[in-house]
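Please go over the structures that come below.
In the two assemblies presented below, chain A is common to both, partnered first by chain B and then by chain C.
And now, the complex of A and B:
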């Protein structure tokens, strides 16, 4: 999920685990007075990037969409590592794989219905997977391991069948068969974009309004760039493990002005913001509202510059290495207002397989080696080459890109910056025709598996969708082969090989320029219970279903 | 009148008033022998407020033109150079240009980082001066292009009348119908992504030509419409009839007979147009669709500075002061020019 600081997940870091069930049910007194449930809260956000659940890309979209679209299985609504557990949702139980680890059989719970009253059918699930593939969703790569998915995509006929999905509407049984064992498939099926939606209201085209879902809330786009509204789904039936949420209505106020957003949370106009307080507001918030700010947990993420290996100058390894040598993580720490843990690996420290290998380019916490970088640029023959650094307008990304521009200029390139609106940025740099040479990007974990940091961002398979998260357009046989080999393995059992892959990507090939891992924040209004109900989740960053007001 | 003034005004003021009165008398006596340009210049010289603000504008221009000198010889850095991990000695104490939690240094009142730094550790004073160059360059060039387009539109519409007038006037009405700022922002946003391609000419979205052209185009109706009105009146005058009788063609009549009679109006418009163009550029820059980062302009510096108003108020306030001073100086000077050329004129541009 990743992208741009938005999607995310975490795994690890010692998160303090609270008794979130108390908040989740909305009927707990929290040990103090009675919880004030119901009513409305307002959440500030740069906004979901699509109204269609199969086309969402950002974390800002996943957070509300997971409240609306309940998949066959889902992540536990728990803070900390407990949140990475897969639990049954629409399915009665989490299936054990059969057929040599290739087949998963789900059975829908009885009596499930969507928010519009229509019954949930097993075939709706196949319709959702077909939409993911047909509409070129950036997540389609997660599901191409299903038998017949590739053929379905190639054929382009939406009415055609996917051989690996057998759905029986009468019995509610769904059998998913993979081409080969894949330890990530349950994580992928637990994403809100894999949730069934009524086939009759989910055609083979993008939707302007979110279709009905089964989750505890419904979602409506009031004005795509201004306001979205979540309202309690009166037809939601109890599903064990899925909280009902504590509010009748949640308004999402869309704005790209993070400064104003922070002021509105301070004043109580907003109750929460999906973004981090920017600029000098973070020190102010830390000093004046420490009880309203949660900094204890960081979703697993990596911040890096992509380098397009299909275009000059980064089609040459010397040029790519030069950038790695020239980057000074300490400079970037300042741009992040101190919220960056310097590093030089694609796998964040909290993810299985992370190993602190010797950075070929020097200790990330030490200074850059500009002399070596200049030599490499000279050797590449691209001295003076024009390079455009791409970024978007969400703070502090313009500053990050300007730093890279300055560094590229220092080592011998002729660099400039191109800034796009953050809502179109991922799509633009992910299109091959955009020809973005380098720029800002990041990756927030979609699911707790090291493959999530390589498959969408560095594999050839990721290049099959029209908009790719492999913005460097890396197609490397060794990466692809390793991913194929590790796909069916327990990550813990092959952790060392994941570390080796990381070292290959960064040290040997310099395909990317990782510079650190963001430490994100959760900032609430005075009336919200930030201490007990922050809902810090390892996959969704914040689980809004766990939010609650302070006990009265 | 003079007698009464003598009795109540202090000596210095009295002398000035008497001197003005004498000049006015002389002007009335010799007006038949003085050309309109000289007469206007004489009136303008007497308008000390306008001249004072004109001087302020000139000083600002000179300061901005001196940006490279300041950058090279005093600040020892450039407008785009990042100093994120650098330090600077202030009052004998070494300080981070940008602290570890991202707060930039404030004004040092010495050569390096005279007005402090921004969040990328760039020297604010250097960027302020270079930003001024960009703002002034865009303002003046946009005003020039507006003037050229508006003069041609006014001449063609007013002289040709009929279908040509209808087409030009309705086209101008379309632009006029939109609030200036909204139209400019919409165009800026659209063009900043893909740039502009007109036949073989391609302009990148980052080019300064984009805000220049946008500002120039949105202000054309504000100048073209009054000019068209003047042309409609002038084309009926005897000297135009005489030229026509002598066989002069439409283009020659427009250029040699009518255009010179529009010159005073154009001169009056120009400084006001520059002031408005600078202001609009600042608005576009503030919203991120004017001069594109990392190039500085007063507008985008204010926009960036607002985000750090708590710890670095100078980042927004200083470019704001420069912007206000420049626009105020141009507006007051422009009013003076208008009064000098035609005291009864009611030329006004919307801000």
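And now, the complex of A and C:
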């Protein structure tokens, strides 16, 4: 059974709710007059979490790294749904799978070279996958479906071969064979951490400086915790679909002081910030600089309460349905400071397979049905049952848990809240021995594939992990069977079946309580063109290659 | 004197050992504090977890892990679990910022507190004493993160009189260095000025009623000489003790809030970020660093005691 999509790492991906045409790519002026290109911009960020492309984990790292590390295939540099399309990058074309859907054959474009002038070799790709596996990259789980990858990891010998990767440096051909058909592999190979880097400069240990890449920029760590710099890669050759970017130099000013970062964007000291303005500053930013602020549920995500189906009271369907009936998404929107798009599906609106089915529990934008919820609790026989709501200390999660506690109390449970530090929360509620009955959770897409919203969160196989994201410990034969059937299929071709699975999970079984999709912000300085060049991307959140200044 | 210093050095080693063991144990016993799980991402593969634990030595007994970590710390090879950057080098890069903040603020709070404490004591009961007492209490009551944020917002961001955070190294531009640190120094000093001036006022009032002060006056010494040579000198002993502890703590990363508000990227801010990520190596290193300064400055304080009060002998 393939393992892709069940072992991601943090963050990523989704389809944007915006359908604004991209601008600023390549030499395109993006419309609306002559663009002021060249020069330098400054971006505020809490900073990339590693200088090594295979060890990066955060969105703050993926954004600059995708400008430097061009993979075999990549996501289209377009805003909105168009950005989820896989396009050829270093490879001449996006391959069709052969060998019953198990083999993908790529051929490198001719004459490719890294920013240090060395030629790109097919074997550099295998070296990157080896580094991902050997160094324990947080993304390594995406690639364990490649034949021989697990054996390579277990052996721990970096010089050993990965049986499923055949790289021919002479012809530039790379053949990747999977243990079983899995359409998610292309999405995983399109990430910057899967991009080839020169093997001679990419040994089997973590790197303190980013190695050379093929992309339109080079990256240098001036001071890991203070300053990183992106500069134009003078050796970058035109690759169709990959913009050159509109600036000669991009300075990343690292700071964990988001309040000051926001002030610096307001005053123009910074041109963009990777973070959302702090909660107390957001209303002011919304009111005073609306033309500089963009809000979108991107990358795609879903916020929901997990219900542990192996423990009372949620081992009874009536109890699970009761919670679904009792939740008022509007109350949660208020808790999120307005940055929540209410909904009742596991698949967010921008993901293939999303269907706006009738929520059995009522329109999420309307009020709750507390009377029906109380009846169901009574029917479940668990009235007065003690329930602990688990949450962590990151704002606004304590308030979300307080809300659920109050709701559970109103419908007949005896509820209390347990709050953990955010660093250990996921580990704790993902352990069976913790016996967490219900609590806060969310899922940010790793890549734009509907399986990514079910395999880690609701499949039996997810329960094999030491720490599972299937915090409800759901083991349902219909879910597992459907996932097995759809894994090798093109998601677009079976979109309806993904929608059916969503309806089954929420309406028929009430395994989870989805209540909405979080919107993130993109805040720009006065001189940047936030309206046309915000670069809101479904995978990287913001594609800096699309950023541009206002037309002069 | 030599015996005193040797004894203090030995006790410093004991303190540092105890601090390091406690810090290491705390981070090893707290729930979910498994660094391998955080490194492995959100759906860890068992084989991958195994590899990380093996590579980083997390599968070894706690005492072995502790000894290895300490060995790496003292050889300058300790690496952060979350960023994999060298911890000692990171602290080194931030030292100048923390020292600049701590030394400037310590001079400021000591000077202002001494002046204020002495003045309010000799003017005890009068209107000026009452007003300054209220001012001192206000200073004590205002948390540094609040007063710092207000200063930064109104004087930095809004009015633009001072820089909105940031830091310029002394070697790069001394005037800019001073300019960038005025607000942080003031914010950090306010609390200490309030506390120290209250303590000093009380000590001075007590000392003023001592027999030797009356004797000094009877000998015909000027009031100024009585105050400075006899009253202030004796009243300063508890202040010096406090100063030693506080200055050591601030140097060792205790100015977390001030550094964060003004984004100084000093040692305190580093440890705050590391605690947030449950990243043991930087926390351990900074804790040891802080403990070292506290013990060191206490030794210095004991030596200063002897200077202030000749009756005290260092043995």
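The rule is short, and it goes like this: the second predicted complex is superposed on the first by the 317 of 552 C-alpha atoms of A that agree within 3 Å, B and C clash if a C-alpha of one lies under 4 Å from a C-alpha of the other, contacts with A are read in each partner's own complex, and residues count from 1 in each chain.
Everything that follows uses one rule, which is that a residue touches a chain if its C-beta (ideal position, glycine included) is under 8 Å from a C-beta of that chain, and two chains touch if they have at least 3 such contacts.
Just so it is clear, the structure is predicted and the values come from calculations on it, not from any experiment.
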item	value
First, second, both or neither for A:406, with chain B first and chain C second	first
Touched partner set for A:367, first chain B, second chain C, both or neither	first
Touched partner set for A:398, first chain B, second chain C, both or neither	first
Contacts of A:331 with chain B and chain C, given as first, second, both or neither	first
Touched partner set for A:420, first chain B, second chain C, both or neither	both
Touching partner for A:267 - first (chain B), second (chain C), both, neither	second
Contacts of A:284 with chain B and chain C, given as first, second, both or neither	first
Partner chain in contact with A:140 - chain B first, chain C second, else both or neither	second
Touched partner set for A:259, first chain B, second chain C, both or neither	both
Which partner reaches more residues of chain A (counting touched residues only), chain B or chain C	C
Interface residues of chain A shared between complexes with chain B and chain C	259, 420, 424
Chain C partner contacts - residues on chain A that touch it in the complex	3, 6-10, 49-50, 52, 55, 57, 133-134, 136-141, 144, 150, 153-154, 156, 206, 208, 223-226, 255-257, 259-260, 263-264, 267, 269, 420-421, 423-428, 456, 462, 464-469
Residue ranges of chain A touching chain B (in the complex, touch as defined)	259, 278-284, 328, 330-331, 333-338, 367, 393, 395-396, 398-399, 402-403, 405-407, 409, 416-420, 424
Of all residues in chain B, those that touch chain A in their complex	80-82, 84-85, 98-103, 119-121, 193, 205-206, 288, 292-294, 306-312
Touching residues on chain C, where the partner in the complex is chain A	30-34, 37-49, 51-52, 54-55, 82-85, 90, 93, 149, 152-153, 157, 164-165, 260-261, 263, 265, 269-270, 273, 276-278
